[in-house]
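What follows are several structures.
Two complexes, one shared chain (chain A), two partners (chain B, chain C).
On to the complex of A and B.
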């Protein structure tokens, strides 16, 4: 291992290897691929949220110029259900195939598909389809009350007890606690809104189906689509070379994917289907609305004695998705009596789904807000309260943490931010005529690995190819794989070709859970080791090789050169020279590693930790609130590429500003439509709202995760930030907002 | 999108003659003039506008900014918002207009959007923009789901029981305060319309938004000579820092002599069903000392007749604060 070597690319600021392709337009996103004879599909959306589709009038649409077909239940052909499987295979959040029945469960449900020679013709035809419904009253009520669910509910990822964690006597300890907090926190439905729309192009060749799909999981998409079309898995290939992000919304296939494939099958032509921005709010998932009651009991000195986190989230009529707000609750702080439990409220809405930091992000908003309010009640500094309740181990299961430096996060963050200068009195801090608010909150996120396989080739021109069927969703996965291959072979990044985003490659993980990087490390390293082992055999067996007579074990590869260990790397031979001498174009190695996240009987409790310190400015005269400064400290294992790593955290903080202040999907009370279904009315943070964001990585390797000690960083930056912002808002204005987003009207008092 | 004929006339008379065949110049027009297209094309993609013919007026030489004989400014209908906002004379004498434009949209949109088009900017009410919804403005008599639905950003001034749609323009708010004049050429000759008369209140005909008739082509806008010593300010309040329509905005012009207000013009944006000139505020300011108490009274007066819906009551107080602060900052400028 050369991880401390000055030439190692690990831990070095490394610009994206795919950057030049992106800025020059050479990077092809899903909807950029064009095929001869390709047709365009545009779905027709239901304009009721509950009821039955009685009739479709497609006559006018079918007669329009360029229209090839209008598909619906009667002519789409068979689409089978994708059935649930344990783990992370064959996952999709809406298991009912499109057009399976005439029951409308949510506004925007696809009821037909127009296919035409051009997108414009298909759109015009889709608009010309007329539907008749038996409309029933829809329920999109924002206030949530738990439905009648069994004690153990079936979710996307398997059965989950509704009382998900319990220890001690939380009710009794709360009742007798000298200091109490009992508040309910609400987070709204949020829509992922990656800039790149969901898109699929389906191409059939006999019984072979190829899908160009904007997906965060080509391997899973292959499994799902194979089931939906009754095909062997090897007959389906899914390609996703570049993504304009997904934020979890593209983890698993949505109904437009089989629709495109079914239309292509019926017409014998490639069919492209790009989901509109409006449809992005309806039929491709969203983050559930949550309502979380927090009860905290503490001693007068601030030691937690009870923590109850009882929450309800909304979900679709069809889905199984569990918004696990209690994910971080059981282990984050030391408390002898604890309960995390949930209930579910069914609504006439599209399916809920993973969205960046699913569960933990809304959950930590509630728990960290409650900690801040408890600190207030105790007249204690919120950092101190957290330090006082630091656990020695994971109290939910008695396991030691694999690597936890939360205390150091808090101390470093406080120091960098200047927290010691905080005057806790409301509205007491001023700068340039503005009132300042300072707030903070902690963060946590899962760590571990998914199953992953990879292939590494060393080639006779001195280049390396590394391949894995994971994806780069814009976070820098191409670069990470290049760094890993370079680390093992010493070949510079420029000479490393990375192939991702194709299910024909060795199975790779979904780009989800912030686990892709940690998952691919052992697979790529093993593959590289195997390729190098093959190379060394060639070195000692090829006639004319300077290494004849040595044993492979005598040799090593470093800096792209093979050398005799005893002689040092100075006299090495470039591996390309050796391959050419052997008349071998390449050597190849395969490697794989098993899943460790969510595995039974873990030896350690594995999580990442972090914290945010936030400053807001408040101008009461005009009710103007701005986030002016953020300091974030992350304990997320070894950071392989700090440049793209900081970018991940900064992006998450920017998204967190949106979560705290702007984002909310609003359902029309009368017809159940997501009514602000565009990027003007669904507000996300814009550049002008993004303050300076100072990111620090503690960079402690977590060797329980993988040999480099790298965890993941895609999501944790969004955890806790909303609680830090609302705490800062309270410090500036005196107003505690417990229902996100914070709006001007909350502060006009 | 509805199939349409795209025509690029080079002669105003031909353009006017073609447009005069439209059954209306209001919602549902079958012939539309197109400037930058930043509103019209959007609405055509949404099937809210379905013209059979679109007349591109960018070749009619209406793109000049010129001094008028009386010392004012003549602004052609196809002058781009960016060019107008950055024009030296606008920045010097009509600062409120420059500020208003630069507070709107994005640089890319301002580079396309025209003055004439901005005068006709349509509401952002989500129900208007979605043909699956009822809307009295889009389909007269179909009902207004906004009144009982999502109305947080909608109007509190000039509303009716049929429509509460907000006029979203920033530019128009400044033009209202500046007392601009709109010059229209129609099939029966040309005429001038004072800014305050141009936009209509919704009443029971919310589909009628302006006084324009079929064939009426806005050729230019004139601004009166600058008011000497006028202190001007446009203040826009919104949820995020940029790229959002106003929750409340104010265009103010104040002339102050010896601590007293000798001339005041006030218009509000983001709160009215049309660009909202406030004679009540102007009256409350005229002749009064330029101090916080006066400004607050003016703001009270401006919002006295405001009517809130289920979600937008806060806009009354926000608009008050917006106007008070705008007056204060203008007076100190």
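On to the complex of A and C.
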């Protein structure tokens, strides 16, 4: 692919620069890195969810052919606890190191690790280890009641008050409201299930620990692992070149990572540990089950007077994770009296964790479903109800929105979908013998930046290298970084080398919060500016340079050529020529930018917005429900690459169809195991389930975020879609399903 | 049954044969721990008792895999799946492991021109057969039309399922399949794309089909 050097690549459909490697099998994911003498580790999983490990019989396993060791508490060596740090550092959800004690807190907790010459031998040995337990009754109850927590709870990201937002008198206003809604919405435990299995290959080289790790945050993983092994940070290197996605599940290190590292330390050889699909339901996080009571009060005209969002979520015995269902509640609509509060229910399950659109996705399912039901009670169009309650500012803090075009999203979506033709009567719309259901819902997601640093090199062969220790989880970060470097230097994408996914590079952001793109923009731009400044000094000082006698300020770089501003780019010199004349292989620049997300005193309320319009078809005779088309409109700042951007949103909608209709992790009350721990029993959307999805970006730049006005789009597409689908199901069938996923048996009435 | 007998069996990845010859995954401990029981199988077909030989892999057996037109003479643990053999022994890592249970399609390869889930097959079952992996279709400089179409249509995101999607898509070109998108979607539903790039995958396949 060739770009003309004078045309900006920003905002253009740009095929991925890493695409040729992905389609030919050459892109190397963590488990694709093979090393001489590499051993294979397979963990042994606890088969109880609560109790104590009394004894491990490893004798048979250790004698098996090809087995190097069976590790457990007595022989794994020291693994220290990783403790929370201020800011966005050293984050991990299960802080108890593996094998630290004999207490079993969830089914699948690792109790031993078999290491052998081959995967086959390691698996056989792991299966041959026998454990004896003192088993206690496990609690995996699906119905949730809040436990006794203090008013402020400690969470993964710091302290959070359980009454997280309040204004006015929500109880009183609700009591006196002429129109009311009081319903409880339930979302199930969901498992991320990225297609790439979590994997770690650990290599000790003297004092240096190198980890090839399927992580969405190499910089954070380095900090966590350095503390777990008592090493200076510079002695740990984490590499994640290609990631088979993560959806939040790979943000922070799980217990298999230190296990692989400890085994490699004990054996003096590289150890590769690939987590099985079954283990991925047990020990690498999941989205919490939530139970959300929504109370909405409104005038007969549809003006909201009270909104109460009180929710409970489940969590592990060990974790601090907060499923922030109330994230979008306080600002999404105008309402004078509001409360968002939460409680927590501890269960004998693996840790809960961020999953794509954490908090807001289950939260918006509840709030948007409640809005749809309220519209029903009011006999009002649901779009109209939202338009009527559009806020002028963020009523939770009195701040203006940096950029909010939610009303335009609704209007454009309604227009594109043909919403005006909707007959609100249940089951009234038909096509080709099928009953149609039309539904809609709104969406929101946070915007801002993480701290980020980057490095840009301009080289004497006319190429550019841009480097940042962030990751590409499939969102297209390789391509974004190349586009940014190209934008600044005018060098075509073909001549830009992107280095990421390595903690040895300048510290980059996690691939999370939909913030990676917005975060790297100022860092890369500053780095490029600094490299260009170095280049201009060379231009005015190198003997034989045509720019001798000029000041650097007189010059500029455009389209890869240096020129005198007053003379225009026509007489420019390619920067590679100049570097060669100066006998400089390259000039380099560094740039960084601070974190603005979650800042204590923001000037604006910064969010992305959007909406979905959904059509389902219902064939009552054979109970066949299908999502047949989706129109999605996004107000997510400026879109840097619409080709990959549309794909992101479509993919999120596809996942949302799974959230609405298929996905649920089910815990067996007998032993506490996630019993549907495979991809046949935990159903996800397949190709035949995915309808045409029409995505529109409003593309308003949000200059409060960064100079390009780009926010992020990885998560918002999943927000609201389940509420739109259940609304459409109601329109077709008359059944309001308030507990996801919608099951056929719910509709057989 | 000797190793030669195993080799002489035709490539027919039926459920029954898989069950009879499987020694990997969950069943691995059974093979090692309870070999006599398996050896007494009613059909009398199974005897996978490992024999002590080989420097690193006890019970290793010789096998020749023809992958992407090249012969690989190997000694492998008889429990090795075709997937693990291709990835770990032959070191062609373009083929991916997503579930190891035949549920996701990431490990799809071609055996004698037909798509096969390599995680559900033992390597020994394919001795001497023609195996094609994604690396055998094309390279970044000389892509197969399907690879080029996936690139142009952005028919992926993370890329992890992509090898399997492309292998299924190329096999689909020779399978009975209606011309409409719905038929393609049906035949591609054994390949999960958790990123959800399904529309673009269908677009890429239809683009190639139109040009064939």
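Keep this in mind: the second predicted complex is superposed on the first by the 743 of 749 C-alpha atoms of A that agree within 3 Å, B and C clash if a C-alpha of one lies under 4 Å from a C-alpha of the other, contacts with A are read in each partner's own complex, and residues count from 1 in each chain.
One rule holds in what follows: contacts are C-beta pairs under 8 Å (C-beta built on N, C-alpha and C of every residue); 3 or more make two chains touch, one makes a residue touch a chain.
All of these numbers come straight from a predicted model, not from anything done at the bench.
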Query = Is A:123 touching the first partner chain B, the second partner chain C, both, or neither of them?
reply = both
Message = One more residue to check, A:688. First (chain B), second (chain C), both or neither?
response = both
Task = Between chain B and chain C, pick out the one touching the greater number of residues of chain A.
result = C
Request  = May I ask you to decide whether A:497 touches chain B, chain C, both, or neither, giving the answer as first, second, both or neither?
outcome  = neither
Request  = Name the contact category of A:669: first (chain B only), second (chain C only), both, or neither.
outcome  = first
Ask   = Now for A:577: first (chain B), second (chain C), both, or neither, which partner does it touch?
value = neither
Message = On the A-aligned overlay, A:623 touches which partner chain: chain B = first, chain C = second, or both, or neither?
response = first
Query = Can A:744 be said to touch chain B (first), chain C (second), both, or neither?
reply = first
Inquiry  = Quick one: is A:408 in contact with chain B, with chain C, with both, or with neither? Answer first, second, both or neither.
reply    = neither
Task = Identify the partner contact of A:66: answer first if only chain B is touched, second if only chain C is, both if each is, neither if none is.
result = second
Request  = Residue by residue on chain A, keep only those touching chain B in one complex and chain C in the other, then list them.
outcome  = 120, 123-124, 127, 680, 685-689
Chain A residues touching chain C - in the complex, by the definition given at the top = 15-16, 18-29, 31-32, 34, 60, 64-66, 117-121, 123-124, 127-128, 193-197, 242-245, 247, 274, 276-277, 473-476, 643-644, 647-648, 650-655, 678-680, 684-690, 692-693
Residues of chain C defined as touching chain A within the complex = 23-26, 28-29, 31-33, 50, 52, 56-59, 77, 79-80, 84, 87-88, 91-101, 103-104, 106, 133-135, 137-140, 143, 147-148, 150-152, 154, 156-163, 166, 182, 184-186, 188-202
Note = Touching chain B in the complex, chain A uses residues 47, 120, 123-124, 127, 621-624, 626, 661-662, 666, 668-671, 673, 675-676, 680-681, 683, 685-689, 743-745, 748
Ask   = Which bits of chain B are touching chain A when the two form their complex?
value = 1-3, 47, 124, 126-127, 130, 132-133, 145, 148-150, 235, 237, 239-245, 247, 313-314, 317-318, 321-322, 324-325
